[in-house]
Structures are given as structure tokens and as C-alpha cells.
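Chain lettering (A, B and C) follows the sequence in which the chains are written, and residue indices restart at 1 in each chain.
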Amino acid sequence: MMRLKLYTKTGDKGQTSLMGGRVSKDDLRVEAYGTIDELNSFIGKAVTELDSQKFKDILADLETIQHELFDCGGDLANVMKERKYKLQEASIEVLEKRIDALTDEVPPLKRFILPGGTPAAATLHIARTVTRRAERQVVSLMNEAEDVPTIVQKYLNRLSDYFFAVARAVNFRLGVSDVEYIRSGDVFK
Amino acid sequence: MMRLKLYTKTGDKGQTSLMGGRVSKDDLRVEAYGTIDELNSFIGKAVTELDSQKFKDILADLETIQHELFDCGGDLANVMKERKYKLQEASIEVLEKRIDALTDEVPPLKRFILPGGTPAAATLHIARTVTRRAERQVVSLMNEAEDVPTIVQKYLNRLSDYFFAVARAVNFRLGVSDVEYIRSGDVFK
Amino acid sequence: MMRLKLYTKTGDKGQTSLMGGRVSKDDLRVEAYGTIDELNSFIGKAVTELDSQKFKDILADLETIQHELFDCGGDLANVMKERKYKLQEASIEVLEKRIDALTDEVPPLKRFILPGGTPAAATLHIARTVTRRAERQVVSLMNEAEDVPTIVQKYLNRLSDYFFAVARAVNFRLGVSDVEYIRSGDVFK
């Protein structure tokens, strides 16, 4: 068998391939799925920081999400005439159920909290903010192009709320209290 | 009591709320405070890597900074006619004092150093560079909009220097030497 | 000797110095080397997570790369009439040799894998995606300016493939299997 030649050098001039097209590497589409790939890597990091006994449910969530982010990336990279998107509305509903369940685990909240606490929660807050960065780029792409699957933005919007809920749950299960932002108003209703 | 419903779905179409306005999620203003939120999360991470005995002073700094970054974010998100900004010049002066004190702890420096060393210092270097990313976005916003509190940019400018100084101090206290960039000129005066 | 005054306050108005020029801090050039600095910091993080016995070769790679990224940054920041770039083609050839060697260590691959596994591999995947972000910005700069050393983009393109190869090798040496993306086609040829 021929060895995998990872580097194809086809991108050495600044252009790259989508599924069904060729664009500059700084195209908003490439930017968007590149950031989703970055986000996916931070989730990979959080996974290494979660105890496999205490956080079975959350580790299962995170693995599902890692696969779904590949679906998102693939859907954004796909500009073929005939195409079927991979990400489904059902994934968003599952996220919503999980947000509610995790929110029910923790004490009620009125004010903003400082991102941090335990190592895993800190990384999940990073994931939360990188999700929001990805969402902003998908919105930029939607403002520019016609054929962007809008479900990806909706998914990312819900996903960042999931990360907020899960970071709190992780801290709570480990007995670490979130610290409130001292000059916060009552922002959560 | 009604349970908190974290996801309001009001941002599912790509628009979002400021204090006193509604904009696209890829608005420069949202970008800027979104990155400040990301930065805040990296600080949360660094906090988990610092020994609470050896680094009492630095942990106190970092908590203050986390609150001040919320002030920054809030000040940027606030576009109401009648508004009072939260971030004050005094916070910058405190940063300057801390930079000087931490710089005095460590050996003099002429050349660039490789970011890294101990785990906490490595994360503080990440925070340093994310601070600078946030600063660039605030500058973009200032180049575009009139009503941006300029103190936020000044604060971020000083904050990235604080992170450089504190990363060096952390390594030094733990007995780890910074590695100089081999092809560096004498850049620090 | 006068103490180093780290903060010069010269950038408090949003402008900053290149070698041989002065620009807004949100200039694409500043953006590009700022992101390279961020990338460099993530490498500093990965270094702290790699055992110095098991990963001697990889730690040597990473230190070389940290120096080379300073070369990249310096080359981008340099807009003087008379200039000599620091980064050389030979560095790319070394990366290619290392990619091939590391790829030979691990089982053959057909499908995308989830970024993650061991802590160091997870961080190396983050470095991979931040490298790609830096590459996109260098491409933006190349699309806008004339005098950009094209070798930097080529170097970053190869570097992201290096990080993919090295993340896999780290997991493999530690006995951790990469998880395939379940809905992946056979993408690697």
C-alpha cells in the first residue's frame, strides 16, 4: 500500500477546495468551518479533563457534539448543486433537553458569573466563547451568501448555551461555586 | 419559581440585542465584546493552574481583571443615550504598578522569549495574545464608530503587557527559565 | 541600570509600529503576526504536556518551530526597503520529512478523526486549527498587499499538516486510539 501523503501542496498558493468549488483560503466559508474545527479541538481538550465516571452523560454529549460539528463543517463546505445536508433539527432539540436538565441540577442564577472554576469548566467556557465566534462567522457568511444552511447558525446558538449550562453543572458536581460578577445587574430572567 | 430558560431563541435569525439597540451578530461591537468574553475564559483557565499559596497576589490580580473585563464588555455593549461607563482610569494605573512590580522580580531582558515554560505561564501567554486580538477588534470598532469608550483600548493595551510580565514572574517563581528567541535582536530597551 | 519599562504607551491611540512603518493595530499585517504569536503560545502550552523522555524528538521539533514562528512574524512585520527574510525554504523541507516519519509511525487512515485523545494531542489539534487561522490571515494579507513573503503561507500550510501528524503520533505512542468521525467518507487518499 502507498503511504498516505498528508500534504498535497495544492493549497500552497492560497486557494483551496470545497466540495464542488475552489476559493481563496480567506473565503468566509472556509473561515467559518475552520473555526468550527477549532471549536471541535477545544471540545477534545475538555474531554481529557472530565472524569469518566462522574461525567458519563456529559462525555456522551460531547462526543455527539464533536460528530455534529463535523456535520456542520461538511454542510458549510458543500456547495454542490445536488446536496443533502447532514445536520438535522433533532440535534437542536436534544441540546435543548440537555440544557434544561443541566440547568435543573444547579442553583438558580440571576447575575453573570466569572468564567472558570474547575479546569474542565474553564475549558468549557472557552468552548462556549469559541462557539459564539463560529456563530458570528456563520452569520457573516449568511449575510453574504444565499446557500448557507441556516440550521448551522441555530445549532451553534443553542450549543453556546449548552456550554454555559454544562460548565455550571461540572463546577456544581465538583463542589465548586461559580463567582458572580460583582457589578452585574439581575440579567437572567 | 419558574425555571431559568437559558435559550431564548431570539438570536436564531442572526440578530442580537445590545443594551439599547439591535444589530447583526457579526457587528464589530459584538465581535469585540465576544472576544473579551473569550479572553475572560482563558483567564479562568490560568486561575486553575496557579497554586493558591505561591500566587496569592497574582490570583487577586486575575480576579480583579475578570471583573474589569465584564465592565469593558458591558461598556462596549451599552449604546444607550444616557450612559455611564463602568471601567475607570484607576484600573489602568493599578495594572501599571503591578507590571512594574512583577518586572522588578525577574532578571532584566533584552531579547524576545518563547511563550511557554510552566503550564500557567503558557496559558498566560495565550491570554496575552487573545488580549491583543481583542484590542485589535476594539481598534476596528473605534475606526468605524464614534461612541466607543477609548479607555477600553488603553486598558487592553496595558493588560497585554501585564500578561507578559506576569507570565515571566510565574516562571521565575517556579524556577523555570524563559528561553530566548535565538535570532532575536536586542528589542527591549 | 534603568529598569525595563515594558509599557511605552505609544500604542494607546490605536496605532502601532512595524519595522519601518506605522499602521493601525487592526491592519491585516498586525492581525497576521498577532495570530502567529497566539499560535506560538499554544505550542508553548503543548510543550508543557509532553513527557520529556517519550517525546524528545517532538519537543525538539516544537522548539524549532517556535523559533521559526518568530522568524515568520518578524518577516511579516518587516516593511523596510532593504530587507532580508529570516524564514528559509529548508524549514519547510524539514517539516515534510517529519510529517512523513510521524505518519509512518501510526496506522493508515481513511476517514476524518475527532480532534482529541490525550491532553497533549488535544492541544496540538488546537495548534493545528490556530495555524490554519493564521494561514487564512496571511492569505488575506497576500490578497491585499504586494510585499508579503509567500514562503510564510507555504510554511503555515505545511505546519498545520505537521500538527495533524504529530497529534496522531502522540496518541499512538500513548496507546490512545483516535476516534473516527462516524459519518465520514473515505477522505484520505
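One rule holds in what follows: a contact is a pair of C-beta atoms (placed from the backbone, for glycine too) under 8 Å apart; a residue touches a chain by one contact, two chains touch by 3 or more.
If you're wondering where the values come from, they're calculated on a predicted model, not measured in any experiment.
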{"item": "Same-site or different-site touching of chain A by its copy chain C, using the half cut", "value": "different"}
{"item": "Rigid-body rotation angle, chain C and chain B, from Cα fit (steps of 5°)", "value": "120"}
{"item": "Where chain A and chain C are represented by their mean Cα positions, the distance between them in whole Å", "value": "22"}
{"item": "Where chain B touches two or more other chains, by residue", "value": "none"}
{"item": "Residue ranges of chain C in contact with chain B within the complex", "value": "1, 3-7, 9, 11-12, 14, 24-26, 30-31, 34-35, 37-38, 40-45, 47-49, 63, 66-67, 70-71, 74, 86"}
{"item": "Parts of chain B lying in touch with chain C, wherever the complex brings them together", "value": "96, 99-100, 103-104, 108-109, 112, 114-119, 121-123, 125-126, 128-130, 132-133, 135-137, 139-140, 142-143, 153-154, 157-158, 161, 164-165, 179, 181-184, 188-189"}
